[in-house]
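For reference, chains read A, B, C, D, E and F in written order, and residue numbers begin at 1 within each chain.
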Amino acid sequence: MKKVTRGLLLGRMQPVHNGHIQIIEKTLNYVDEVVIGIGSAQLSHELKDPFTAGERIMMLTQALDDYDIDPKRYYIIPIEDINRNALWVAQVKMLTPPFSKVYSGNPLVKRLFKEEGYETYQPELFDREVLSGTEIRYRILNDGDWKSLVPKATIEVIDEIDGVNRIKELSRKEISEK
Amino acid sequence: MKKVTRGLLLGRMQPVHNGHIQIIEKTLNYVDEVVIGIGSAQLSHELKDPFTAGERIMMLTQALDDYDIDPKRYYIIPIEDINRNALWVAQVKMLTPPFSKVYSGNPLVKRLFKEEGYETYQPELFDREVLSGTEIRYRILNDGDWKSLVPKATIEVIDEIDGVNRIKELSRKEISEK
Amino acid sequence: MKKVTRGLLLGRMQPVHNGHIQIIEKTLNYVDEVVIGIGSAQLSHELKDPFTAGERIMMLTQALDDYDIDPKRYYIIPIEDINRNALWVAQVKMLTPPFSKVYSGNPLVKRLFKEEGYETYQPELFDREVLSGTEIRYRILNDGDWKSLVPKATIEVIDEIDGVNRIKELSRKEISEK
Amino acid sequence: MKKVTRGLLLGRMQPVHNGHIQIIEKTLNYVDEVVIGIGSAQLSHELKDPFTAGERIMMLTQALDDYDIDPKRYYIIPIEDINRNALWVAQVKMLTPPFSKVYSGNPLVKRLFKEEGYETYQPELFDREVLSGTEIRYRILNDGDWKSLVPKATIEVIDEIDGVNRIKELSRKEISEK
Amino acid sequence: MKKVTRGLLLGRMQPVHNGHIQIIEKTLNYVDEVVIGIGSAQLSHELKDPFTAGERIMMLTQALDDYDIDPKRYYIIPIEDINRNALWVAQVKMLTPPFSKVYSGNPLVKRLFKEEGYETYQPELFDREVLSGTEIRYRILNDGDWKSLVPKATIEVIDEIDGVNRIKELSRKEISEK
Amino acid sequence: MKKVTRGLLLGRMQPVHNGHIQIIEKTLNYVDEVVIGIGSAQLSHELKDPFTAGERIMMLTQALDDYDIDPKRYYIIPIEDINRNALWVAQVKMLTPPFSKVYSGNPLVKRLFKEEGYETYQPELFDREVLSGTEIRYRILNDGDWKSLVPKATIEVIDEIDGVNRIKELSRKEISEK
């Protein structure tokens, strides 16, 4: 079995956007393969987490294909929350091929892996202010320009699943709690 | 077995109030039987969810009896949260007799059932502003007039379980977190 | 609120059979109301637990109706397993109206309630050998006479959901585990 | 987005063996893409489930690569058990891209998908008797010839993780339970 | 077996501080033994809950030793949340030796135990404003004087596990959610 | 903080018996402190796991006191099962002070800790055949001599909680499953 260096990338990807593609491409300059963990895989149909893991996997697979990234160089793996931080690194390791480097901008992720002895790296990312799930979900909700921030595949999946309406309907406050 | 049309109604019923009775009565004009799901059945003793499922079942059963609603026309079923929205419709179906229509004002409930192919309806309700659990819990906490908003059975159950004090005690902030 | 004596009856009811009806009728000679807990409510589609909670609720509601038992005298409540015996009495109490007597032939149920200070009673039951879920599921699987052991409503629900085939299919061993 | 037909294949793959490769190749004659669900993803280090989901993903990815199967034609997705059969189809759908056909020899899987309206197919498989995880784990434990039944990638992963010893150690009965 | 009176004390102890020691010492004036439950034992690595149960057990054991409190007079027991308030008293009882008195300033804890028939007492505590986990975590984060509020053992454990940095890193907002 | 060597001992201790005391005493010859994990802490009232974690903690604390083992040299910590082997070492570490050696005769425990880089040791134990929980529970059930195999504290706790009858009642098969 060929000896490969693998890097772990983690994100909820709600939805997959250009920043994710950018980071994956850059990370592949440093490692042979990336293990892409799709976090909070059990969540969907919430304003902060509108899409299912299956929908997010479709977005990402198709986008990486559109960007001609070699499918032999990445794994895409949904990861459910375990709700006990001290067990979370073990949960990620259980579900993934072995990796030696962790690329994350999330302070909790970095801290947890560091305490388990991993090297963690801050991924470089241009345009952080707009390339964020929060910003994109806000623009979807408010009919802003979100399409320029995501790959074509994300637009197509959101279209196919009627995702804009899903987000808009979830945002409606009930008049009465009943 | 007689062929019946069943409608699903869902609510946390914290506590059962006149709005619930009103909606159940109206829905029974459109369907043969209503399946009444008592949501977040596992919660109790919180300011937003003070009563146990058992207490809420008592309130509702007794109230429907007082209103002379035929007990053969409804099912009352506690439904625990499953904490993964994509599985929630399956959770409701597992616990209930088959139904074909869903009556709900909750945008998430409506969206989830719509995505599974159900027809969803907005229940009509007068006096939405005051006929709400939030308003009633607020009035209980602040010694306002809550008794006019709920059926007699709700008052009796809350009395029997010392429910006003339960809500008031839960509202007290600790002076120190310790 | 009228002061009533309630007795708790518990069973998985896989499926509802004549023994359950018999015990419910007898228990109603001793208490004002019975709280009927349908146990292992989360299980279905297993050889030992083929029917969903919703299917079992339908069987029982319809059967009690056919036997002209006053619907004001019983509650039917699905109860999910909590998988920690020391918490199970609290789980049952959370989901049910208050009861003071427990009727059960199950040694674990009796022991758990006895340790919490409840009086427990052994329900009387004729024909114990054949009036058992195990026997009925065995007969369904082997085309024996199971219909004489269950109320008409059970037959109707099993028919409606294609329940005989469900049990037969679940019993098939895979040729290869794969 | 191109319209594709997807088929679902499910297996615990403890470990990945030649039968899995055979079935995946055949299924790709009938559908555009296969969604391969690795079941009981949360289990490992048991005699019946010795390998982690991550280890099984590595075996399968590498094996499909060795067999020159186009990586654009399959998804590999770990699926954790939900322990309530009536919710399991929803769990699978949450984690996967949409599929319209289900290929499985497992009676429970077939029944659950059939009840949700899916077409299910029995995968063809030669040599069922030996191409089974049970047989392979038995041979590993007893120093039999297991290597001829699995792809090279399975041998390499088992080697790398010291998998033969893992299985042998797990099989040792404690002399005393202590 | 000698007949002893036991009192229950509960706290998350994030971290153990002088107020906890004070209360334990005072409570030992009224009962023979204290059962000290460390709550939310499954949480760690969060701003509000930075330390693992194991780390909190170390802090407390060492501190009580430094204060010469007889180790035969207390039990230290981690208690995981059960997330259903109506079951929580049973959860505590399952994990602890029998106790007859409950000392707590937490309104929910007091209410839950009172409803189960326990006598509850408000522990006396000087300097409530500063002797609180919230205050101490705030001071750690902001380089304030936290060391005067906690026993030496807490300082040592936090030192050993690099706890100040853990808290500071967890507090960093990500620039982009990614 | 003094630098100590800690060893981990794990057992379900259903019930605490002389073998446990023997092993704890011997292990204390090799390490400064032992961390004693009481496994399957969530189980009780089953034939194989009759006693609650709280009851087992009482047995062990009192027994170690009777044997004059210095309470500063051990921690007793209940550990709930996590039901995913790959996360179990992390679960144990979360709940305990740091330890560097693991003493266990259980092949799964040894394997899991070995894979995480721990040194594991086989505890020496005389009379393994009779000093086992299985043997003791069998003798309790069949009125054999179990008292010679356990410390006085175990006898006292079993007496106090009516434990012999608990075991005997749990063993009774229901005549009818109902």
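Basically, a residue touches a chain if its C-beta (ideal position, glycine included) is under 8 Å from a C-beta of that chain, and two chains touch if they have at least 3 such contacts.
Given the structure is predicted, the values throughout are model-derived calculations rather than measurements.
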(Q) Assuming a repeat means more than half of the contact pairs shared by residue number, which candidate in E-F, C-E or A-B repeats C-D? (A) A-B
Q: Indicate the whole-number Å distance between the mean C-alpha point of chain A and the mean C-alpha point of chain F.
A: 43
Q. From the C-alpha centre of chain C to that of chain F, how far is it in Å?
A. 36
Q) Using CA atom averages as chain centres, what separation in Å is found between chain B and chain C? A) 25
Q | Per-residue multi-chain contacts in chain F, two or more chains | A | 42, 44, 52, 84, 86, 93-94
**Q.** Touch-based graph of the chains, sorted into line, ring, star, complete or other
**A.** other
Q.
For the complex, give me every residue of chain E touching chain C.
A. 82, 84, 86-87, 89-91, 93-94
Q: Spell out the residues on chain B that touch chain E in their complex, using ranges where they run on.
A: 42-46, 52, 166, 169-178
Q) In the complex of these two chains, what residues of chain F are touching chain E? A) 1, 41-42, 44, 52-55, 57-58, 61-62, 65, 71-72, 75-78, 80, 93-98, 153, 156-157, 159-160
Q: Spell out the part of chain D that touches chain C in their complex, as residue ranges.
A: 11-12, 19-20, 23, 83-86, 105-108, 110-112, 115, 123, 125, 128-129, 131-134
